[in-house]
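Two complexes are shown next, each including chain A; its partner changes from chain B in the first to chain C in the second.
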Partner chain A sequence: MGAITLGRMTPYVFLAPAAAFMIVGLLYPIGYMVYASFLDWNPSQRIGEAEWIGLRNYVNLLQDDAFRESMFVTLKFASIVVSLEMLLGVGLALLLDREIRGVAVLRTIFILPMMIAPIVVGLMWRYMYHPTVGIFNRTLEDWGFQPIPWLSDANWALTSVIIADVWQWTPFIFILALAALQSLPRSALEAARIDGASAWQQIIYVKLPLMMPVLIVTALLRLIDAFKVLEVILVMTNGGPGLSTEILALRVYRTASEFRELGVAAAMSNYLLMLLLVLTVAMFIYNKVTEARAARLRQMAEKG
Partner chain B sequence: MPRIRFDSVAKSYGSTQVLPPFDLDLDDGEFTVLVGPSGCGKSTTLRMLAGLEVLSSGEIWFDDRPISKLEPKDRDIAMVFQDYALYPHMNIAKNMSFALRLQRVPKATIDEKVSRVATMLGIEHLLLRKPGELSGGQRQRVAMGRALVRDSSTFLFDEPLSNLDAKLRSKMRTELAEMRNTLDKNMVYVTHDQVEAMTLGDRIVVMAHGLIQQQGTAEELFKQPVNRFVAGFIGSPTMNFLNAELAEHDGVLVASGDGFRLPLAEPLRHRLDNASGRRVILGIRPSSFRLATPEDAGGSEMELFIKVAEFLGAQLVLVTRCGEQELIVELESSTRFQVGSAAVFAVPSEDIMVFDETTELRL
Partner chain C sequence: MNTSSQQQNPAFYALLVVLIIMAVGPIWLMLTTSLRLNVDIMSETSSLLFMPTLQNYETVLCDVLWYDPAHVDYCDPTFGRALGNSIIVALIATGITLVVGCMAAYALVRFRFMGRDTVSITTLLMRMVPPAVLLVPVFGIWTFQYQLDGTRAGVILVYVAMNLPFVIWILQSFIVQVPIQLEEAARMDGANAFQVFFLVVLPVIKPGLAAASIFTFRIVWNEFLLANALLDRNTRTVPVTIVNSLTEYDIDWAVIMATGMLLAIPPIIFTFVASKQIITGMTAGAVKG
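Right after this comes the complex of A and B.
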């Protein structure tokens, strides 16, 4: 009996170290954060000394205009950048999915921005946006236009930040969309040509619908990432002017380091986490549904 | 239906020439089969006709109209692909009506056409399903249906049956043969399977290494192959080839080689002057052999050692040896013989084909 039990237990024994790492490395910090969000906790205190205040952090945050503004900025930022990046990335992929000389070089150049560290991207754009010595304003002045207050005007700052993010992350959409395009069945596209579809009609009726599963997952991944963006904006505007570019991650960071309210910061992180969780679950459900559908199709096909 | 004419059409990829310039005429309403081993250029030829490949030089004419610069959609063609090429995200009705919807044909007309073709092909119960829910045979029918709905003057088939299992393939082959008789269309069909070519084609074009070897009816290709390649490619089991040397004895042309000595038919002697000593290749179809009877004595006889016998029902295929060479012999299965021993077979001398050893052309 002992041998049999041992045999059955073996896989779990082997899994145990990994499970332990998971618990310590993943669940402990999250649990810690959730716990902290119920505290009124100043960094000078040890966590045991902090006062338990229940859900007050969460309630207060909902009534906090700055937090709500920051939430709004985050949603606006994420939805705009992801829409723009999807449009540009997919568009570029559709353009470059062909055999022309030097296309391999072009593709490589396009994905370079993605490989640069976000801090560097932030610094680079901050210099380019510089009101007097930045390349944009100097060029505008050379052409006889008024300089634009890229980062110092509340109306322009978010646009500037969005441009930088689009610049950095469009390549991500581009390479995934290109991979999806190149795995499309060639003969179906040829059939569409014979059926009389113009280049546009091929894109709209055949290519895009067939790429859709990949595009949806790509958009969700990008959306999750966009909600957490921090470094580029931190370096470029530090959330300003005013609260115009203060996305949630930045506000969490400032709440913890400047306002020294660890409990509030934790509660804020939890709101962000919940938002991301909704997206992740949405993606998970989408995957499950498509898998189930594919399985059902296969079954029906086998039955004849 | 237009008459299709290839006028010194050639195709190269970069500096590699895959199809040297060739001419080919397809009569209107004809079912033409392009057949040959893989890499012979038959698919490329079809794809150039479809407009999926660009011609490197030459021109394709539909009657008096040059079409090589036209888009596929402007060529009045429909095509069935080897992997069916259905649109996976559209249901069957949408798949079949895609071309018509792009042309903005009225919905009532589309529905009418789709349901007529679907009924004809027996797929009307599948119209609302997606391609992924169909079996290979059903998908094949849908692909056919999508082409038929178009009502184009020319149908192109790119190995449409090669993804089906053997049983389904022969069934679809029969249906295609029926369809050929009922539809008045130009059909161009590409296959590597000589059986398909023989059963379907009004005209069969045999290709190899980018060159058209011969074209004609199935019977012409079988009985009058111009060269060794066509002789070996058409017919199943394939033709036996034997190296031989010609000699003239008492006014009779005789071919002899390793383990055999066969007198050849009279007309051949007239065609070949001074043939003595010439090295040739003999071609004998497996079906030309029969067990020799005493009356055959002195005619074309071969003694063959029977290695293996394969019983195929009505037919019997023997793997035999003549000297060092292997020969396939096909007999009626009622024939009696002994495996592992030698037997004498008779071959009608007019069934023996002679090919030049170097050019491989039939003499």
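Right after this comes the complex of A and C.
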């Protein structure tokens, strides 16, 4: 209705600035990166001077042990982090789903770790993990234990990084799970209670299944974000010791800025992007399927 | 419901307290460290009691203070400059993103010539792109084609582009709720499309604007990777200077924590002022897909 009374160009005028920004600042660069991944290119060259080498960057990467190691570290980091955070976040949400004033305060305080710059989060944890002045080793020594080489030992470093990430992002899962819990249909919960279901039975047979769609989307969102974690690890370990915490995003950064091989970094970015694309598409398809199923159920209910 | 929660009250509140300590502990530690002298931090006996001092903040901010702190021998202007850059970049990028995003969201909702699905898919796809992936192309294009390397305009351009999909998408969900009758009434009174948008629609969707601006500001204010690649000595933002001052050994923890604290303060303030809007923005992402 609005479109008739207004000039035909109006929507385009409203959309043009956004479109321009996104084409110039986002789409063109991504296309450019795909092109650059086929080049042997270093930062001192203009892109036109770089040599076209076809798929060699991709093939070389697949045979590169360091890249495969970093791929493995990335997958390990992402899967551990997401499962731990889901477990803790959903558990806490189930525990704290009460009508008590404290929960609102808790929610506000819980957002803090997510709002603070990743650089600063890395800084805080690096300080706490410090071998001599850090609070963890000080406490351990006070209690008469051996200090732990949190960040300087290849076996411990990944654990330390995972702990920091769990601290920062469990609240995200918690808040989403709590929102999901509180929007559950009251009638279903009441029915279960009246039928005499115990607290555990309510959780396992009523609450969790009803929350499942939101939980799966949350897990996927968190998984996508876990592949993007970079700054925290950069500040804490810079990928070391060895390659033990060098996740893919960090390796892209180091390949581009330290080793100055832009073509290789672009090819690596493409691998990362493909991985994330699969996850995103999976999430989208899942959304569509659940929507379709819900619509079908509604129809069946209406028909009676 | 009531009876069960009353029975478990003590354990419940104990759990709350533990969680709050765990969430705030590291931040609190950063704050107290930034208020100590470095000698204090390094000493073997870490006492809980100490004289808080603002010396570290004076060292960091010496360039922008109106007086010369007595204990600073050599004033390093890096941080003062970086703080200025950070504020300029974050404010301008947030402003542009909001204005441009708002107009686009309005067009997408009211003129519906593109499906809302298209917007959701674009948002989702853009959310997926890690900043690290933009590093290589942005470096190449900004240096050789746009000639924007080293300028604030250069990073602002990437930041606006990066944040637009999310802002458009979240504002869209607010604009849908604006009753069309309100706009029609304004149009009857002779307002044109732009007047309707700026005078009628914008005031109604203020909560949405708040959520969108906080999210954008936070991302821009905290961003390190692209700022590091694009900016030079004079235009660096705070996260870049923090990473640059981290060396392998002999870190001046007190001063660096003060720097970190200064970077963390604006997001912390936003959290306490607008936690409701932040949570709205965050949950909308998952619940509506």
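Rule of thumb we're sticking to: the second predicted complex is superposed on the first by the 279 of 304 C-alpha atoms of A that agree within 3 Å, B and C clash if a C-alpha of one lies under 4 Å from a C-alpha of the other, contacts with A are read in each partner's own complex, and residues count from 1 in each chain.
In the analysis below, contacts are C-beta pairs under 8 Å (C-beta built on N, C-alpha and C of every residue); 3 or more make two chains touch, one makes a residue touch a chain.
Values in this document were obtained by computation on a predicted structure and should not be read as measured data.
**Student:** Identify whether chain B and chain C fit side by side or clash on chain A in the overlaid structures.
**Tutor:** Overlaying the two structures gives chain B and chain C room side by side.
**Student:** Would you please give the vertex angle at the Cα centre of chain A, with arms pointing to the Cα centres of chain B and chain C, as a multiple of 10°?
**Tutor:** Computed angle, apex chain A: 90 degrees.
**Student:** With both structures superposed, pick whichever of chain B and chain C touches the larger number of chain A residues.
**Tutor:** In the superposed model, C touches more residues of chain A.
**Student:** Kindly classify A:Leu87 by the partners it touches after superposition: chain B alone (first), chain C alone (second), both, or neither?
**Tutor:** Touch status of A:Leu87: no partner.
**Student:** Between chain B (first) and chain C (second), which, if any, makes contact with A:Leu62: first, second, both or neither?
**Tutor:** A:Leu62 contacts neither chain B nor chain C.
**Student:** May I ask you to decide whether A:Pro118 touches chain B, chain C, both, or neither, giving the answer as first, second, both or neither?
**Tutor:** Touch partner of A:Pro118: chain C, not chain B.
**Student:** For A:Leu15, is the partner it touches chain B (first), chain C (second), both, or none of the two (neither)?
**Tutor:** It touches chain C, and chain B stays clear.
**Student:** Name the contact category of A:Ala292: first (chain B only), second (chain C only), both, or neither.
**Tutor:** Neither chain B nor chain C is touched by A:Ala292.
**Student:** Based on the superposed arrangement, let me know which partner A:Ala192 touches: chain B (first), chain C (second), both, or neither?
**Tutor:** first
**Student:** After overlaying the two complexes, what is the shortest C-alpha distance between chain B and chain C, in Å?
**Tutor:** Superposed on chain A, the two chains' closest C-alpha atoms are separated by 6 Å.
**Student:** Common interface residues of chain A with chain B and chain C?
**Tutor:** Residues common to the chain A contacts of chain C and of chain B do not exist here, since the sets are disjoint.
**Student:** Which of the residues in chain C come into contact with chain A in the complex?
**Tutor:** On the chain C side, the touching residues are 1, 4-5, 12-13, 15-16, 19-20, 22-24, 26-27, 29-30, 33, 41-42, 46, 96, 99-101, 103-104, 106-108, 110-111, 113, 121, 124-141, 144, 157-158, 160-162, 164-165, 168, 180, 183-184, 187, 193, 197, 218, 221-222, 224-225, 228-229, 239, 242-243, 246, 253, 256-257, 260, 263-264, 267-268, 270-272, 275, 278-279, 282-283, 285-287, 289.
**Student:** For the complex, give me every residue of chain A touching chain C.
**Tutor:** Residues 1-3, 5-7, 10-12, 14-15, 17-19, 21-22, 24-26, 28-30, 32-33, 36, 41, 43, 46-47, 92, 95-96, 98-100, 102, 105-113, 115-121, 123-125, 127-128, 130, 133, 135, 138, 167, 171-172, 175-176, 179-180, 183, 199, 214, 217-218, 221, 224, 227-228, 230-231, 234-235, 249-250, 252-253, 256-257, 262, 265-266, 269, 272-273, 276-277, 279-280, 283-284, 287.
**Student:** In the complex formed with chain B, which residues of chain A make contact?
**Tutor:** Contacts found on chain A: 185, 187-188, 190-197, 201, 205-206, 209-210, 212, 294, 297-298, 300-302, 304.
**Student:** Please give the residue numbers of chain B that touch chain A in the complex, ascending.
**Tutor:** Against chain A, chain B makes touches at 50-52, 71-73, 77-79, 81-89, 98-99, 102-103, 129-130, 132-135, 138, 146, 150.
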